[in-house]
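Chain naming follows the written order as A, B, C and D, and within any one chain the residues start at number 1.
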Amino acid sequence: MLKVPTIVLNVKTYAEATGIKAVEIAQLMERISKETGSSMAIAVQASDIYICSQKVDMPVFSEHIDPIKPGSHTGWTLPEAIKSAGAVGTLINHSEHRLQLADIDLCVARAKELNLDHIVCTNNVATSKAAAALCPNFIAVEPPELIGGDISVTTADPDVVSRSVKAVKSVESKVRVLCGAGVKNGKDVAKAIELGADGVLLASGVVKAKNKETVIRDLASGL
Amino acid sequence: MLKVPTIVLNVKTYAEATGIKAVEIAQLMERISKETGSSMAIAVQASDIYICSQKVDMPVFSEHIDPIKPGSHTGWTLPEAIKSAGAVGTLINHSEHRLQLADIDLCVARAKELNLDHIVCTNNVATSKAAAALCPNFIAVEPPELIGGDISVTTADPDVVSRSVKAVKSVESKVRVLCGAGVKNGKDVAKAIELGADGVLLASGVVKAKNKETVIRDLASGL
Amino acid sequence: MLKVPTIVLNVKTYAEATGIKAVEIAQLMERISKETGSSMAIAVQASDIYICSQKVDMPVFSEHIDPIKPGSHTGWTLPEAIKSAGAVGTLINHSEHRLQLADIDLCVARAKELNLDHIVCTNNVATSKAAAALCPNFIAVEPPELIGGDISVTTADPDVVSRSVKAVKSVESKVRVLCGAGVKNGKDVAKAIELGADGVLLASGVVKAKNKETVIRDLASGL
Amino acid sequence: MLKVPTIVLNVKTYAEATGIKAVEIAQLMERISKETGSSMAIAVQASDIYICSQKVDMPVFSEHIDPIKPGSHTGWTLPEAIKSAGAVGTLINHSEHRLQLADIDLCVARAKELNLDHIVCTNNVATSKAAAALCPNFIAVEPPELIGGDISVTTADPDVVSRSVKAVKSVESKVRVLCGAGVKNGKDVAKAIELGADGVLLASGVVKAKNKETVIRDLASGL
């Protein structure tokens, strides 16, 4: 399982992180992760999992899995397929790809069955607590109104982080909690950990940065 | 654009066609396609597009694209991403992955913009005619009740094929029509062409076959 | 079938048009429709169909139907149920409630089977032409970016109206075409008819108006 | 709030319970409920809420609400609208109408805001526990594979009932638990209560019964 505290980067479907550019970001993270001894993972588009996991020696995640088993499911994301392509983990229920409750439960079960790390994304304290009942490896709480914004959740709403950690632990003490939305620098990371989180999930803060290396090094400094 | 008449294989999310097994089927098709001069394409899971297009010199398709542009769309299938991974085309609106009408229109537009071949799947004469109004490269009509079954659409309901061809051509004469559902052998392929289709779209007939080589050779003989 | 030219009001889920307020708007339209001899219809929420059709003698529509038959479909909108409550027609595939292509086809079939008037909403020329292939009573083209706005589609993009009419008629000459988005007054209605439409579909222009009676009378003057 | 123990009937979109037939079933339940002093409620289609709540003096529920506020949501089920039509409660997330986790949370919040009783449906112990974190009035656990079947969940899988009750109470002790799927008679009801449930949610057992009165009386005898 992903060592904590950790920094997980979700590259979404940004042009700046598709194909060879996803590989370049992964290579940069791998280098900084090794130099600094920081735990990091990168979640990439399904079609980029294979090449990324070929080119880097760090945890590559899928951005999504569907609650399915092998069979007749044209165009959906089979957990076995992303694992076979090299993914060691996956996001589940990202705010841009919400799932039904029963399907989150199925996805968590499928991820466990295949030994895939998995991060269930939630939007507030109540849904974080709900997700905890499904016993995933990780929960990442991200208030949707702060995603992609300029102010980190740890500044804009520190309470949602500390209360989510408490709520999750009250249901299942071993579930780890990340936080995200607006995270941009080492201070945000340090604050997240101070609030009880085991790390951060972020996207545009790195992908849209002019100097990605500077940003990733700064993030690592907060661990 | 895919030469016609053609045979398009959709490997879905079958265990028998995930990861290295998708590559093996693609290599088999490539070999038979070259030997026989038959036009063939293979649609694979997004996570298998890169390795398949690295390993074979034949058209690799995606099984799906989402109606999106680069941006914040975690876990969805970006047309640019499947192209960058090596796909030269895509299925759209497969019966196992239906889209809203406005989104099929967007997907066709995105595929054209990126010069991706594209096959819009439909379920009957009326929806085939409707899809024709969106001017895609290809329409593949597949009555859902016959998909995965033992009797080819060309035997069970030849009328749906010939009437779909006629309806599509009445709206846009240059749109090509494939047919699918239950297609298993060269006779089915020959009958499809006789009914006015430009080829077939099939899945389990090959993927679930004990001897895939025999089946693919037989299919090719029907072109 | 709804007489044309016609004015169809969709009250959506506006607070100003829920429950007794939906009835009041329906009564106002009924009165003006009778006085002026104008053809009008009102589409209301499913839970308001019964009381509206009890209280007024004018066509009451549902805002939506689902592509289902009687059975195990908890919470979905059964065509038989809205008819039994008093609806004589329905919207299908509104831009706020998009359906899959195959399901629009099913909804049109179900509406015809039950003798319900039906208006398939579309967003541009291509999807209007596509919808025509399904042979509905009416198509209402509404560019989503203009819905709820201050400028009528007939002013902002008259071309989309005239080209949709032409495209629809090229596929099925008997399908009638309405237009909508930003429609607010009699001039917009008159222009719609001049562009070849058989009437308009509107919502906020009436529902959000301070003086609904004035607006409805003005709209009627454009027929 | 609904008195417990209670029997909640979901009439789905069955032909046998649409329009006037929904009213007849409601009247029958009202009579038996009053005679026997048993707590009962009936969930009907949105278009039948008004007439049912006009005709009977017992709790009428909606089968569904959408996670929306008044506004531009054509064809969706506004909580205010079903309340205005006479509903005093609603089902949320029925297995035939699953919602995303974040939307279940929103629906529960909207129901509380409007003082509507609400029953969140779940499919197993884990999702029941998850739903409990959202603090609804009621949770109804219904294993989907038993819904509509001949064997009651209380016989086929009594464990899922008792474990769900325990799991729910461990998260929020005041949340009440119903169970459903295959429930058909008074023995099933008595067993549900013995297993710790506060009542049952059922559908076909009543709606498809030849003699509905006999079945409802028998169910009431189990309370």
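Heads up, the rule we're going with is that a contact is a pair of C-beta atoms (placed from the backbone, for glycine too) under 8 Å apart; a residue touches a chain by one contact, two chains touch by 3 or more.
Only a predicted model underlies this, so the values are computations on that prediction, with no experimental measurement involved.
Shared contact partners of chain A and chain D are absent. Of all chains, B has its CA centroid at the greatest distance from the CA centroid of chain D. With centres defined as mean CA coordinates, chain B is found 34 Å away from chain A. Distance from the chain B centre to the chain D centre is 44 Å, each centre being the mean of its Cα atoms. Within chain C, residues 95 each touch two or more of the remaining chains.
Taken as a graph of touching chains, this assembly forms a single closed ring in which every chain touches exactly two others. The list of touching chain pairs reads A-B, A-D, B-C, C-D. Chain D contributes residues 10, 12-15, 18-20, 43, 45-51, 62-64, 68, 70-78, 80-82, 84-85, 87, 91, 94-97, 147-148, 203-204 to its touches with chain C in the complex.
Chain C meets chain B in the complex at residues 93, 95, 98-105, 122-124, 126-127, 129-135, 167, 171.
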